[in-house]
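Presented sequentially are two complexes of chain A, the first with chain B as partner and the second with chain C.
Let's turn to the complex of A and B:
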């Protein structure tokens, strides 16, 4: 026993303490510098206005927040982001799930299909957005000329955000599918055999076996996709020019953040917008935690 | 049993038809990128008749963009960004993952909650202060600036910790009885066993470093310090209607990653699936 009454550390405990801290130190220092301090600074910054003519930061209290809540542009961008998510998330999940079920068998060409469907994941979003913008081009684009229509896919304020969401679905489909495929491989084959003996057809066993047993994976993909969709930026930035008439009805929250913080150089207002994003993400996470208890089936 | 056999064949054919249609849809943007890149501007913007295949396969757009953009420099910067991010991520996560997953010591759980916290927060919230740090240090337009936010990885630490937690206890015990200290056990026994997690993390980090757009655009604006994605973004603003040149540049930017992916597709898909699935 040591003087203060605690049992003395054994040699093993001492060495675990020493090595443990040695191993985590780079990561912990990195996280503090790169993440913990920045998050505090961002929240701090959201109470300041970046001064003109290098006057430095001016404390404005909650002015940024009251401005954000009254700012139609911010609310519109939030609606745009939600519109994007409402298309991108369900479509990318349902299509990917069907494809994963179709591919989850021994068949010719399985790895070729998988490789092709996953391909957009390794392409730079900047390039992806550029080629889609070209496909969507209202005068010379492939889509309008093949279907003989004249739709302004990315410059009509009513539909541009959905057109961008289509690019989002196309880009993320393969990723979701691969996650579902690895989830499917963990479902034991006997479940399906038993169902077949009981006379269940493919579609019945899809709804009664696949969906319930895959629900942890589906839930996980849903959570990550919703959070990812709320942060959409690359596609918006590349597809929507500053002069695009649909910009107001399409730009996402993170696009607006980028615009305020790094183009208009009003970092305080940018910080406020990104704090709003943080709050929304947290709310979504809490809702999903509650929802999880209701319908996820853990074995 | 003939009818069942026939049914199964019909199902197989239907599945193939669906998958082929989906595959074509996935490939059309890439094919259109290639076809447009080899056309002249007149051909690309011809509507009546609408031209699918280039009548002559021209390389003019490629030579033009290669004259205007220094792709060697862009490749080099992108490669350095990927290289340093992968090395930093794998190195720090392998060490921290071991300590979080296999050792018991005071302060461990508090520190691990930092890791979990970072993973729950949207990454954009860190960007303004990270930018100000780089800017105040006079490090804008450097390779270090590109690598900076990815020097450590909460996600990778979490992934590697999972990897270590899946390993059996007896190996570690045996090493300890043989007189190895914790450092030696880690280096010679445990770390090599998580090689598959390391590869998964490396591929994941590389792909997302390659795809990153906002950060490189913010910190590196000098022509010689751009990466492929930020250079494409900058180019789009300048080449408004030169579609073949835009497509040629996109193609040059994407080809290396696609070729590597096709060669190592199994490792890529498994790496991203295992790391993505554990996020």
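Let's turn to the complex of A and C:
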């Protein structure tokens, strides 16, 4: 048997293989039922003009796709989504990183600070959005009243998407920080001691020791945050009313999907929009995977 | 790690809170069926009921308690906000898990009826001693009839009236609005009630306030939104455009808060917080204005203005229906509940509790006494009613209309162009039905 080039499996290997599969089976089943099958169904649906309550679907080929590509609303929503991501991702990462480094030292009340920063993560996103909706309110909101300004934070088309992104940064900060903290604790203290002896300042060791050694964690956070930001929906949905004049310039692709699929009951068109989002997300992620070779260090 | 423990503690705390909240809800419904639990349990599970209006929740709960007392059938009421309500119902319909009994609205009824999602009530109504179709407005039956079969029992009717802030009228030394007002009178008053510093506006009429707002003006003026066959839009009818151009005048004259302000706060909130002097609102808003201290003290309502040219005063009206799931596990009990809710006694109680006006003829008079406002106005508006324009895809074209109107409010489009655009998109969607 060994002559065929492939070594035969020993009994032990066989049993390990069996048990290995058995252990990942629950996850695999969950993934297939909850993710893979719906993805296939969504792609399938995007080729149909769907009937009421998923009855009487009519096959329309690529008609939905040609409509999506010609739909200015879809492209505007894509731009909105990208604008949101461009604000949310870098700010949430940089601020969380700085906070993580500051809170990684021995200090008084450390866990209190950590908990406070993590709290938004525990609060229901809908509740968070409702609170911010009142903070941002242009007539009665706290922000405008405290600073005696009259900025239409969430109804001026020019700034609304950024105001929403601020909420996004605030609510994800704690989660990113926890991931960075766990990454920081993996870095051995010897490096810093050695650097200190060589005369490196705190800032220098941050850029030359912390960042390179933390880069796998930063990369992980970056990839997941980009994907998360491209899927933003709840903030726009909760903060902005349907009659909001800034909605056109703020709604994300997922919001548009929701509008078509669940309000206008046009599942097929909605499905097409999310397939577009899926493709864009995959392209962005592939580029990040290629790019990581340049700056991520695995030791 | 201390930190982990703390987080876990917070999470656990949140969970405990939510279970306590659920338990509270459960014991509430437990109280309502009191002592006769043993007779009820043999009937099998409780009926699930879904509605969307929190203002009506307390009143409906009271009526449901009466029902449980009479029949021993337990009920559980869930309130879901309007937008999510239809998403929930849609998902329930697809997955075969609709609530046993729920509210139906003219915007959506046609889709649900034509797809056999609702329980056919025709024979049951024919056999019933309590429900006689002649006792309810014919148009409302029309909303819930498909191919000559009944799919819901009318719950209520709603009409529209003009709400105004008495204090602001006093301050500006203006006479209160009367039933003889025309739309022009309202406009003139709105101008005088608007303060230049933006602290007070005469009127709020949002781009999506169709039923309580500009639809009334359109029909007053002899225009229409949809023709009787539901095949053609009336947005490009000259009379419709004429009426809508009056709305454009309101916008241009600056008697209303900016679009941004109205979208962030809503007409009702602006009215309740003393920012605007007049709003057009449906009778379903009563509970909100009655329970708000400011409006209860300072505000009142009056019949809608009429058109100066045609002298007509229309109220767009609508009525919800109680419907049941076609494939529910407990359709017998569901029907019993619907029959009870449509009966004269329950309809009367609904009016007395001030929940809404009731659909059953003659039961609404009690409603007018349920609060210290001039609620007679709403009853008087029943003299000339037009049913809220609807078709199978109402939601789709109505939302698009609202989108287009936004541009008129922000000044990017003239009302005339917007009306043409609305007619085009609506005709397109009607052709697809």
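Rule of thumb we're sticking to: the second predicted complex is superposed on the first by the 260 of 299 C-alpha atoms of A that agree within 3 Å, B and C clash if a C-alpha of one lies under 4 Å from a C-alpha of the other, contacts with A are read in each partner's own complex, and residues count from 1 in each chain.
Following the convention adopted for this analysis, contacts are C-beta pairs under 8 Å (C-beta built on N, C-alpha and C of every residue); 3 or more make two chains touch, one makes a residue touch a chain.
This structure is a prediction, so every number in the text was calculated from the model and none was measured.
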Under the superposition described at the top, does placing chain B and chain C together on chain A give a clash or a fit?
clash
Would you sort A:227 into first (chain B), second (chain C), both or neither based on which partner it touches?
first
Classify the contacts of A:117 with the two partner chains as first (chain B alone), second (chain C alone), both, or neither.
first
Pick one for A:206: touches chain B only (first), chain C only (second), both, or neither.
neither
Could you tell me if A:191 is touching chain B, chain C, both of them or neither one (first, second, both, neither)?
neither
Which superposed partner A:245 touches (first chain B, second chain C, both, neither)
second
Of chain B and chain C, which one contacts the greater number of residues in chain A?
B
Looking at A:65 after the superposition, I want to know if it touches chain B, chain C, both of them or none. Which is it: first, second, both, neither?
neither
Using the touch definition from the top, say if A:139 reaches chain B (first), chain C (second), both or neither.
both
Answer with first, second, both or neither: which of chain B and chain C does A:17 touch in the superposed model?
first
May I ask you to decide whether A:262 touches chain B, chain C, both, or neither, giving the answer as first, second, both or neither?
both
The only stretch of chain B that collides with chain C once the two complexes are overlaid, out of 59-67, 185-193, 203-211 or 221-229, is 221-229
With the touch criterion stated at the top, can you tell me which chain A residues are shared between the chain B interface and the chain C interface?
111, 114-115, 118-119, 122, 137, 139-140, 241, 262
Can you list the chain B residues touching chain A in their complex?
11-12, 15-16, 18-19, 22-23, 25-30, 32-33, 36, 44-47, 50, 91-93, 95-96, 98-100, 103-108, 111, 114-115, 118, 120-133, 148-149, 151-154, 157, 181-183, 186, 207, 210-211, 213-214, 218, 228-230, 232-233, 236-237, 243, 246-247, 250-251, 253-254, 257-258, 261-262, 265-266, 268-269, 272-274, 276-277, 279
Considering the complex alone, what residue numbers of chain A touch chain C?
52-55, 111, 114-115, 118-119, 122, 133, 137-140, 152, 154-156, 240-246, 262-266
Which of the residues in chain A come into contact with chain B in the complex?
13, 15-17, 19-24, 26-39, 41-42, 45, 99, 102-103, 107-109, 111-128, 130-132, 134-135, 137, 139-140, 142, 145-146, 170, 173-175, 178-179, 181-183, 202, 217, 220, 224, 227, 230-231, 233-234, 237-238, 241, 254, 257-258, 261-262, 267, 270-271, 274-275, 277-278, 281-282, 285
Complex contacts: residues of chain C adjacent to chain A
2-3, 6-7, 10-11, 14, 83, 86-87, 90, 93-94, 111, 114-115, 117, 206-208, 259-266, 273, 275, 395-396, 399, 402, 406, 409-410
